[in-house]
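Look for chain A in each of the two complexes below; its partner is chain B in the first and chain C in the second.
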Partner chain A sequence: MSLFRHIRKLNALQNVRQLSSAGLKSSTLQYATDPQPQFTDAETQQLLQSMTQLQLDKVFRKRTVPDNSVHTQFMTTAQLEKEFLQTIEKAQQLLQMPPVVKIKEDTERIISKDPALKDFATTKYVFTDITFGLPQSERKVVVRDVDGTLSYATLDITKRMNQLYFPLDGRKFYTPRMFSDEQLFQRCLDEHKYEFILDRLTVQYEPYEAEFHNISAKVFEHLNESKQFDQLRSTRHFGPMAFFYAWHRCIDDLLYDMIRRDYLLNAVQLIALSYKIHKVPLDYQATLRQLEELQPSPAVKALAELRSGLRQHQAKGIENEIQTAIGKTETDFQADEISLRFIEQYIGSEHALKKVQLELAVQTLKELNLEKQQLYEGLKKAHGVQQQAS
Partner chain B sequence: MLPLARGIYSNLLQITRNGRVAIHTASALRCKAATEESSVNEEEKEAEADSAPDGKDRTKVIPVETSIRYLKSDAYKTTYGEEHVWTQYRRNHKGMYAPRKTRKQCIRQGKISTGNPCPICRDEYLVLDYRNTELLQQFISPYSGQVLSYSKTGLCQKSHLRLTVAVEQARDCGLITYDVPFREYDYAEYYGKKEEQKK
Partner chain C sequence: MSLSPASGIGRFYKHSAKIIRFVRLGCTNRPFYHIVVMERRKNQHQPVIEQVGSYDPMPNENNERLVALNTERIRFWLGKGAHMSEPAAELLGISGLLPVHPRTYMTAWRNRKAAAEAAALAEAEGSQKAAETA
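Right, the complex of A and B next:
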């Protein structure tokens, strides 16, 4: 009877182990080579940041955290100006992209073998350097094994020890069931909780872990199918997502979304990024430079938005009013023309996969733009007399 | 025929007496009347015993799926309307100020032992479980994201503990989303020292 029980216990143990080790199935798309040099490149970073955009409402949305008090204060215009600049800086900090690095392999590094110490204890001993202020990667963790070998700890143990002595806010010692259970993870995806999953992922795992790559790849793949890119826009995960698509040559859905939402500059940047990563011999830099001259960077735009709340536009006159009514200025129309030319060139090339869909989107946007331009010019003409009079 | 029926009847009476002492006295009496007519068989008697349940009995386990369905039903809407389960609840207490803590538990020995049970205990179809997110959401503050205090919701201590456990489980499973703390990356740690030298 007791033997029977023992066997059952063993079986149960095995089941548990199987469950824990199974985790999530690996995704199909993975970085074959080290993506880090491409990702950290200054130009790539700039493209990604510009693509992410900076919507202040989204970045500083009300968070449900224990302390979300509001501070109200009277300020002079100069102080307010300073505060605006600080706000933009803070927003950019909040949009800091998680690093994209290759998976770190676990290597066994033995310091010394001391057979004399064999069986000194029945368990391993782990020694951790807990000096204050050391970065995590430089913290030394060594393990004395039962057979007397002294070696550097594996990544797993190192992470655990770091969490033990210097806990990271929000990280759990165990794998959250959301990440270990396939069904629960799929349910999260189906409910489109992309930002939540990715936020949690950044906290739970290090960027060089296999799970990090696996889960983020799965999320991006699912996102590419559900096409809800707008959820990640203006969050810290948009850059890595765009980079992922560009790397794996599946930018078409994202591109379609950008064109449909009239973010043509971003569309051009996305195409440029994919050209850059795959080293397509095409001069995109000239177009980009032209566009950058015509359109302000997201930070400048956000700053202007902040300032617009402060000043009255009455002084600016009727032309400004027309522009705000239509939503586009003359430079915008110019920039659109350049970017549309560039996008059409991309659609015509062999790199585009969903040509018909993209062409249709471009066509509708062109018609819309034409209408807007006609309206704009018509309004200007109608008000032109007034302008001269005043 | 008659002695057999009487034998069954006495057996049944014993069972009811032993098992559900105080609850089913009324139904047992009704059973007696029925056997005098000697036209009722066993199953009908049992069905009759079930048809007059005690409102305070909480021994029956309600599955979560039922509770989830209940929260979407018309019956729920007519009872609570659009409001949360706990908004209409008022605590009974002596004097002006309520005691700091709510009562320890509303259900003792499978029965409601109080006249004013807490919002969860009074409705047996409200089951606290991590899958029952619609119910759990009612107890989470939309401002701070924390579980509301029992001084606000009036839950008994036992229900409150079960609530906090269920919310934590639901978060772990990703059924309830929350704002994850922001993690700031030190790029030098991942990209090596080159970045630092450039700066």
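Right, the complex of A and C next:
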């Protein structure tokens, strides 16, 4: 009981603070028009998924949950193959992006006005329909006010009643203090706990709520300054983040990070996304198609990685060995060339803001690639692979 | 006193009179009601046929009284010819599911009248005091 009392006290304290500071301040960047049609577009989704990547180690990493147990089992090769496919499917499910939709406005919908009912009670009544099997969005909540007006409840009350009668796992009835206290929120940001904030945000708020937009925008802005994009790579929040930057024309830092980490395909996709959103008359689709032919999608790549563990007993060709030693194949070099051409075109255009930085990164990458290619060809020649191939 | 389960274990005759009514739960000085369907002749703490809602008559921190109604089942039982106790009928009237109960209008009118009388009395006292000080 004393614990409950303590929590109550903390929440009361929070209310006092909320009154003084009125929660978190609103962020500077907001979606001016409805981003949903652009976001749910099939091409955008494909670009975002590809940019997110699929690193199985990261998707299935140990989490701070009670059960992190590992199940060990003997399997035949066929069973293993089936398991691999299921794993990829599960990973893709875990990487489902929270949607980016516009903020839902609260409209007053009055059902009936009855002045003869004025002062029938001292407080208002809130009625919730608890019919079995309705989804939360269709559940009706109505309010009878003291002056006799019967109307549909505001979004705020509806959410509260839904949480009261049909609680969602992990969602709190009160606002978590890290979302209501400016200092606590700032501390989370300063400690770079971006994924933690975003995960909790997705649980606590619906995507159409103003708080969801406000807090996620703040996180993305902070992330753009601290440049720790790798923390979100291969999580479900990378897509909305990239979309946010592309929408607000600040992709340069993310682009620089991608080039520096040698994710050139992703860099091209990011530029293509920003062209698509802002309707820049430039043909990016041809380049994307070329690159897609040369490089496999993230799911295929992850599957190949899983299968590579199987075939260790088979004899590898010398060409394979050279490729694994250098980390790139011939098609990779081709793809890099095409991507670099596209990226340089972007840097040359008026859309790029941090030209010098990006140019330097591209130059460094080019030199590295050249060295690798020379080494690759030298090794091939030394092992006499070329003669075999021709 | 044990809780009656929401699914209901109350046995009933096919053609007996059913009623939608409150069951007082909670404790001393803290009422809380279940809205249930049961045989009319039974005591409120006997097993019910079905629970169709709940009603918390004490205002919460946001000054609201919370009512939950399983409208689908309530409509089913009303269609079957179930009766309603007066408080339950009043509550359903306020919720907009049924026409407003006449007693609610009566209460509203009496409350307004009492408030007007109290206001008039306060005004009269105020003017009397003003006259005394002058």
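In this text, the second predicted complex is superposed on the first by the 362 of 390 C-alpha atoms of A that agree within 3 Å, B and C clash if a C-alpha of one lies under 4 Å from a C-alpha of the other, contacts with A are read in each partner's own complex, and residues count from 1 in each chain.
Please note the rule applied: contacts are C-beta pairs under 8 Å (C-beta built on N, C-alpha and C of every residue); 3 or more make two chains touch, one makes a residue touch a chain.
On a predicted model such as this, the values are computed, not experimentally measured, just so you know.
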### Query
Of the partners chain B and chain C, which touch A:150 in the superposed model: first, second, both, neither?
second
### Message
Is A:118 touching anything from chain B or chain C once the two structures are fitted on A? First, second, both or neither.
### Response
second
### Task
Tell me which partner A:142 touches in the superposition: chain B (first), chain C (second), both or neither.
second
### Query
In the superposed arrangement, which partner chain does A:131 touch: chain B (first), chain C (second), both, or neither?
second
### Query
Touching A:159, do we find chain B (first), chain C (second), both, or neither?
neither
### Message
Let me test your reading of the model: by the given contact rule, A:328 touches which partner, first (chain B), second (chain C), both or neither?
### Response
neither
### Task
Report for A:197: first if it touches chain B alone, second if chain C alone, otherwise both or neither.
first
### Summary
Across chain A, the partner (chain B or chain C) reaching more residues is B
### Query
So, A:218: does it touch chain B (first), chain C (second), both, or neither?
neither
#### Entry: chain A partner contacts - residues on chain B that touch it in the complex
141-146, 172-175, 177-191, 195
## Note on the structure
Contacts from chain A onto chain C in the complex sit at residues 111-112, 114, 116-132, 142-144, 148, 150, 157, 161, 164-165
## Note on the structure
Counting only contacts in the complex, chain C reaches chain A at residues 53, 59, 63-73, 94-96, 100, 104-105, 107-109, 111-112, 115
### Message
Touching residues of chain A toward chain B in the complex: what are they?
### Response
36, 40, 63-68, 93-94, 96, 98-99, 101, 135-137, 168-170, 172, 176-178, 181, 184-185, 187-188, 193, 196-197, 199-200, 202-203, 207-208
